[in-house]
Amino acid sequence: MPLFPATLALTLPEYPTLADSLQYQLTGFLVVVFTLGSLAALVGLLGRIFAALDKRRGPAGAAAKTALPAHPAAPGDEISPAILAAIAGAVAAALGDSRFAIRSVQMADPRQNLVWSAEGRRSIYASRHVR
Amino acid sequence: MERRGATQHLRLAPRPVTILLDILHDFVAFFQLTAFSSVTWQMATMWVVCGVLFYLGVHKKFEPLLLVPIAFGALLANLPTEGMITSRVLADGLVETGVLTVHGTPLDTGGFRIDHITGGLYDFLYQGIKLEIFPPLIFLGIGALTDFGPLIANPRTLLLGAAAQLGVLATFLGAGLLGFNAQQSASIGIIGGADGPTAIFLTSKLAPELLGAVAVAAYTYMALVPLIQPPIMRALTTAKERKIRMQSLRQVSRLEKLVFALLVTVTVILLVPAAAPLIGMLMLGNFLRECGVTERLLKASQTEIINVVTIFLGTSVGITMAGENFLRPQTLLIIALGIVAFGLGTAGGVLAAKLLNLFSRRNPINPLIGSAGVSAVPMAARVSQVEGQKADPANFLLMHAMGPNVAGVIGTAVIAGYYIATLGK
Amino acid sequence: MERRGATQHLRLAPRPVTILLDILHDFVAFFQLTAFSSVTWQMATMWVVCGVLFYLGVHKKFEPLLLVPIAFGALLANLPTEGMITSRVLADGLVETGVLTVHGTPLDTGGFRIDHITGGLYDFLYQGIKLEIFPPLIFLGIGALTDFGPLIANPRTLLLGAAAQLGVLATFLGAGLLGFNAQQSASIGIIGGADGPTAIFLTSKLAPELLGAVAVAAYTYMALVPLIQPPIMRALTTAKERKIRMQSLRQVSRLEKLVFALLVTVTVILLVPAAAPLIGMLMLGNFLRECGVTERLLKASQTEIINVVTIFLGTSVGITMAGENFLRPQTLLIIALGIVAFGLGTAGGVLAAKLLNLFSRRNPINPLIGSAGVSAVPMAARVSQVEGQKADPANFLLMHAMGPNVAGVIGTAVIAGYYIATLGK
Amino acid sequence: MPLFPATLALTLPEYPTLADSLQYQLTGFLVVVFTLGSLAALVGLLGRIFAALDKRRGPAGAAAKTALPAHPAAPGDEISPAILAAIAGAVAAALGDSRFAIRSVQMADPRQNLVWSAEGRRSIYASRHVR
Amino acid sequence: MERRGATQHLRLAPRPVTILLDILHDFVAFFQLTAFSSVTWQMATMWVVCGVLFYLGVHKKFEPLLLVPIAFGALLANLPTEGMITSRVLADGLVETGVLTVHGTPLDTGGFRIDHITGGLYDFLYQGIKLEIFPPLIFLGIGALTDFGPLIANPRTLLLGAAAQLGVLATFLGAGLLGFNAQQSASIGIIGGADGPTAIFLTSKLAPELLGAVAVAAYTYMALVPLIQPPIMRALTTAKERKIRMQSLRQVSRLEKLVFALLVTVTVILLVPAAAPLIGMLMLGNFLRECGVTERLLKASQTEIINVVTIFLGTSVGITMAGENFLRPQTLLIIALGIVAFGLGTAGGVLAAKLLNLFSRRNPINPLIGSAGVSAVPMAARVSQVEGQKADPANFLLMHAMGPNVAGVIGTAVIAGYYIATLGK
Amino acid sequence: MPLFPATLALTLPEYPTLADSLQYQLTGFLVVVFTLGSLAALVGLLGRIFAALDKRRGPAGAAAKTALPAHPAAPGDEISPAILAAIAGAVAAALGDSRFAIRSVQMADPRQNLVWSAEGRRSIYASRHVR
């Protein structure tokens, strides 16, 4: 006799009962949470390793890293990262929160590169939030 | 001249008149045989549906890159075209599109010489969906366009992306109650994942007869995220929660991003192998993006591949929307279930954030970013930002919300893999 | 070592000499078996033809985007290549290109496992023509590049585009008289439509053995429009007619252009379903252009898709020009008939404009724009402009001529649809 | 007996007589004229509807429409629409024909975008007509 | 509920507990059935190999445009994916990838209706290599990127490109001695040609089981040319020879370049027909480049086609690197033989230059440019330049070295054609 | 009996002896040398024909040819041919070798267009030779 002879998931009938569906879906949810949870744990570990490595390398290395932008601006960007950083910096300064001065450069990235699914929504948002 | 019946009685008329009548007869017969007669009420109704989709795509700007090609494909599917698409009515009255027939000659030397392949233009182009080639290629481009930095900087947000899949799961139950079978229920549930390519990938595998309805619902609701989500977000959060300021995100190095891409590839494929085509291509595109030494390939992924494939993907989805398939009560149910899926996904993400806050009091998550876990990149993240600023104008949640936002892409691919592994034939 | 005959008698020679002789023998045998021996007089003659095409394309700049790839493909077709193209001599002595052979194994589980597909590079690429995929994709790009505004502003010019198809129809008669069958006559007549992709689409369906000659004639004459048309235009018009100034064209709104694209799609496909692949893709491209919300897809249609497909379309057309197919008296007849078709089309457009003027005296059409109905976008329209300015230097006909010019594209697609519906197997 | 038992078009022999060919071609011509004629009628109708709508909307809407160019200039254009409009305007002014001042913007469009089949002919024409 | 064995004994437990146990059981069973269990030691080992390749490609920048996609493909090949790639274990224990199975229905009308084609994403994409479509398309792009001017100005350098093929030939002998069969030996020898696409083209035809190893060796060594070549170049030349200044190259006209492209096409295909797909496409690309009237097609060849194909070519090569195929002693032998091939090719080029100098004392060749005959464009030419300047800082050899450099591309295609003609099945 | 009944090349066994392999490879080398040698002869002839034609056309034609660059610079080039030519000219002038003044324009071409397989090597070389 095999250890796990069968599972509901693999023998789900074409029209399952609600109870079977519930069990099947909760199993699926467990699969998703376990998979992304494992990833979260691994990525957290990864972050700690990199933080440790960074510390050893000292402040020189960190400075160099900050100086180099991760990507050159994609062609066709309307707002250059530099301009955006300046704007964000100004906003942050006005609010007296210096944390944003650094983050702002990174903020420019996804907003410009994830335009793919965003193009259609631009105009709707244009008036409602800082771009 | 026995074949020209209409002119039989006019033998005595002078020749030019005969010819004119012959031509007129042929003219009418041509149109009678080839055209208007084959217009059905389903076709005419679908023209109205196409009009609505064009309105949403062009005027309302609902995901126009997809809705415009889908609507145009649907228009072509509901005209009596020739040489465009070959359909086949199945036993259950549904129409199967993309039918190819090979004509050939077996050779004495053992092979089979292909003499001709019968099929219209979209019988060939549609293979990109039928053979599940287009969605992974779109994911290659999406990976090349996505920055996973905010996710890497705050890996807890992966759990928000997982929780937002609750909408997918709950909708499966609802669809089952409404009479859909398991394959169809999974395809309908995945609308809640707010990931077009994943929805198309899963549906073309499990329930191709629902492809049009699922794709249209998915892309329409993705565009409606700014209307659907805010009320749910506000209902499930307190004013105090909405004002939570999150710790600033650390800078993530290039190497860390590269390791992340490989880690996701390996982990997800090991756990859910059926998610491989989506996750593998997503992370290939992302690796090309982050490695910094393959600019040419990155640009090809971000522009040429994704743009060209999107035209063919969109129109191919549309071409499946023959009236016989689309004009069924099912379609309305799918659209109704789709919005439920979106709402539940939003709720799942927000509640998961509140749950996580029970365990980490020192570094709390603003639950408004939980809703971004449904994907709909980057719209859902912007909704988080806007709602956050309504509570506290100085609170910048956008980058924090990008974490669950891109995590939702991975989460939906994982649940799709689960469905394929268990329900795929 | 019985297999090396040439060295049989040299057994007593010292070993190094033997080997040298062996090598020399093998060397000669290699070339003898694989190369020069298979050069036929047809091939050598076709090299001269290719040289002429290169001269026309590169030096004379006759539609170089098409003629250069066609000429290069023709050169490859007339060299004893291996792994490039598989040909098959048919019963009538013609050569069929693009032959694929599938080798596989029937499985116990019911399917047929493909072990190997035998075919050279262009056996695969040529399928884009054989399966009629490339011409509609080119039309997608052309639609994305075309502004139908002048046509919408002056819809009467659609009739000029229709009248210019007279050349197509008359040439059919001539070809029949010269001994071509109906399918071939239709393919030859379509040269007069001055639309390369439509000619290739129709010919590959009805008379693939004429593909090379028809395509070469079509593109050559399109380039010669400025030489062919003016004498005919002047012969059929009075100086007064040539000085007619037309009413300024109104501005056409974006919405009107969008409705136009859909209207053309629906009307033409309803009336002539077989024109669907061409008209459908043309108007899809145009819709992407005019809707203003799909920039990415528009750019992909206008550049990547049309450019890449043109390379493969052109060389694939050329690869069918094996000497055995091209060096026939037929080819000369086709070239002769092609120029007749062009001339008659020009005349048809001009005369139709004069006919229309009989009915609308208040808003007359300058008959010089009628000739633009043969398509050859935008060259024929420029010819109208140039001829108009010869009669009246202050008369700007270009935009007016763009109307019949783009109408001619639709007209030729319609007549191609008529031929396919009635003559297609 | 069916209403239209057969047509020549669908039963044309492989080698038709000249009379049959003529009949077949004239039928074809009728098909083309009818199809494009129907289109012409529909487009004419469309134009009138839009004109009526425009009138209702009043001059404000029309002005806005003119201000917005239909398309941004395609990348790689040698002559920008603005420059072309200026040139065309100058030409028209010189000729004392004010109609061209408006049309000229639209003229720029097809000439630049239909370069596809035109590229090869450019140089030949370059010296013969205004570009 | 007999199908849920694990819960059989818990009948008396309250319902919620039962369900939780059921879910937990299903959850474990899901992973047990679909994932970790199928990880083999070969896979795990290959992850390390992939890590090394990523290190070489990303950090060391060894031909990253190819090595990064190859490494990513290899990673996917060594994960238990589903829907990605179908493999088949052959009689000899090797794994064949890219297996497609057609399911269909014979029709009464004679044809065979295709109902479904079973295959994962890379079963389809890999056909680009299996059917030998990708390498010629890459050559189209390379031709569009290559200036043959320096070769035309100094045609003697063609002989240096021929001599550098000595490495290919000698390595064949070595591979034979080490137990490889003739087909495999040819595929290994071609590494010495330093031409990735040619090596992939030949290997996928003669010895597909070695594809991964051959491609990895070829691209790695191409990147290592600056380390491999200089010691050999210095050992085989005197200081005086290294200081030879060559006569300045004349300007080559556009027409001459066009005639050259056609001349190479005709001559090489006449002599070695099997080289046609590579040489034909190379020279088509070059003709598009030099003719000056096909800018659109040139740009498509230089960017879109070559970039998109490179992504699919690279990952498809990687996908053949299943551990079972790659982790064999053979692979180490191939890598060892590859470096021998490179070294011997370098030596052949240098020595051939010295030999040529015996015949033309008045216009001597600097033997340092002979090494550039191994191709590896333009790295090997730069090595010649750098070594030349070490001997004489005012000596500019770069353009002179471009002659043998591009000649080596033709030479390797010719030797590949020889192998295909004689060893191809 | 056919003139050349068979060749080793076409009947090579799957595992040939070393002697057979040697003969097979030397035949292959002869094929390569003959093919590229024929090409060299033809290209040499071609060059002489063009040189003769050039001479007839006289210095006017040659001057025109030099004035026109073979290709426009590819998009994305970091260094324009003009700048490169200037640099090379300066170098040559400094070395007192006037030959380089002309060649330098041509030199710019392959270095910029053959970036394809070179991209990866750039940084390694950047410090070692004149770019």
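Descriptive notes on the structure:
Order of writing sets the labels: A, B, C, D, E and F. Residues in every chain begin at 1.
By definition in this document, contacts are C-beta pairs under 8 Å (C-beta built on N, C-alpha and C of every residue); 3 or more make two chains touch, one makes a residue touch a chain.
Everything numeric in this text was worked out from a predicted model, so none of it was measured.
The chains other than subunit E, kept in their positions, stay connected through touching as one piece. The chain with its CA mean position farthest from that of subunit B is F.
Counting the residue numbers that touch the partner chain, subunit B and subunit C have less than half of them in common. Of all chains, the one whose Cα centroid sits at the greatest distance from that of subunit E is D. Centroids of subunit B and subunit D (each the mean of its C-alpha atoms) stand 36 Å apart.
Chain geometry summary: the mean Cα position of subunit E and that of subunit F are 21 Å apart. We define each chain's centre as the mean of its Cα atoms; on that basis subunit A and subunit C are separated by 49 Å. For subunit D, residues touching at least two other chains, in rising order: 9-10, 22, 24, 26, 31, 34, 119-120.
Residue positions of subunit B touching 2 or more other chains: 30-31, 57, 61, 64-65, 104, 271-272, 292-293, 296, 304, 306, 418, 422.
Across the interface of their complex, subunit B is touched by residues 9-10, 12-16, 18, 21-22, 24-26, 28-29, 31-44, 46-47, 50-51, 54, 65-66, 70-71, 74, 95, 97, 99-100, 102-103, 106-107, 109-111, 113-125, 128-129 of subunit A.
Listed in rising order, the residues of subunit E touching subunit C in the complex are 99-104, 118, 127, 130-133, 136, 140, 258, 262, 265-266, 269-274, 276-277, 280-281, 284, 287-288, 291-294, 296-297, 299-301, 304-305, 417-418, 420-422.
Subunit B contributes residues 30-31, 34-36, 39, 47, 54, 57-58, 61, 64-65, 68-69, 72, 75-76, 79-84, 104, 107, 110-114, 116-117, 119-121, 124-125, 303-304, 306-308, 310-311, 315 to its touches with subunit C in the complex. Contact residues on subunit D toward subunit B in their complex (touch as defined above): 1, 4-11, 19, 22-24, 26-27, 30-31, 34.
Per the touch definition, subunit E reaches subunit F in the complex via residues 57, 61-65, 141-142, 145-147, 149-153, 155-156, 158-159, 161-163, 165-166, 169-170, 172-173, 176-177, 181-183, 185, 222-223, 226, 248-251, 253-257, 259-260, 263-264, 267-268, 271-272, 289-290, 292, 302, 306, 376-379, 381-382, 385-386, 389, 394, 396, 398-399, 402, 407, 410-411, 414-415, 418-419, 422-423.
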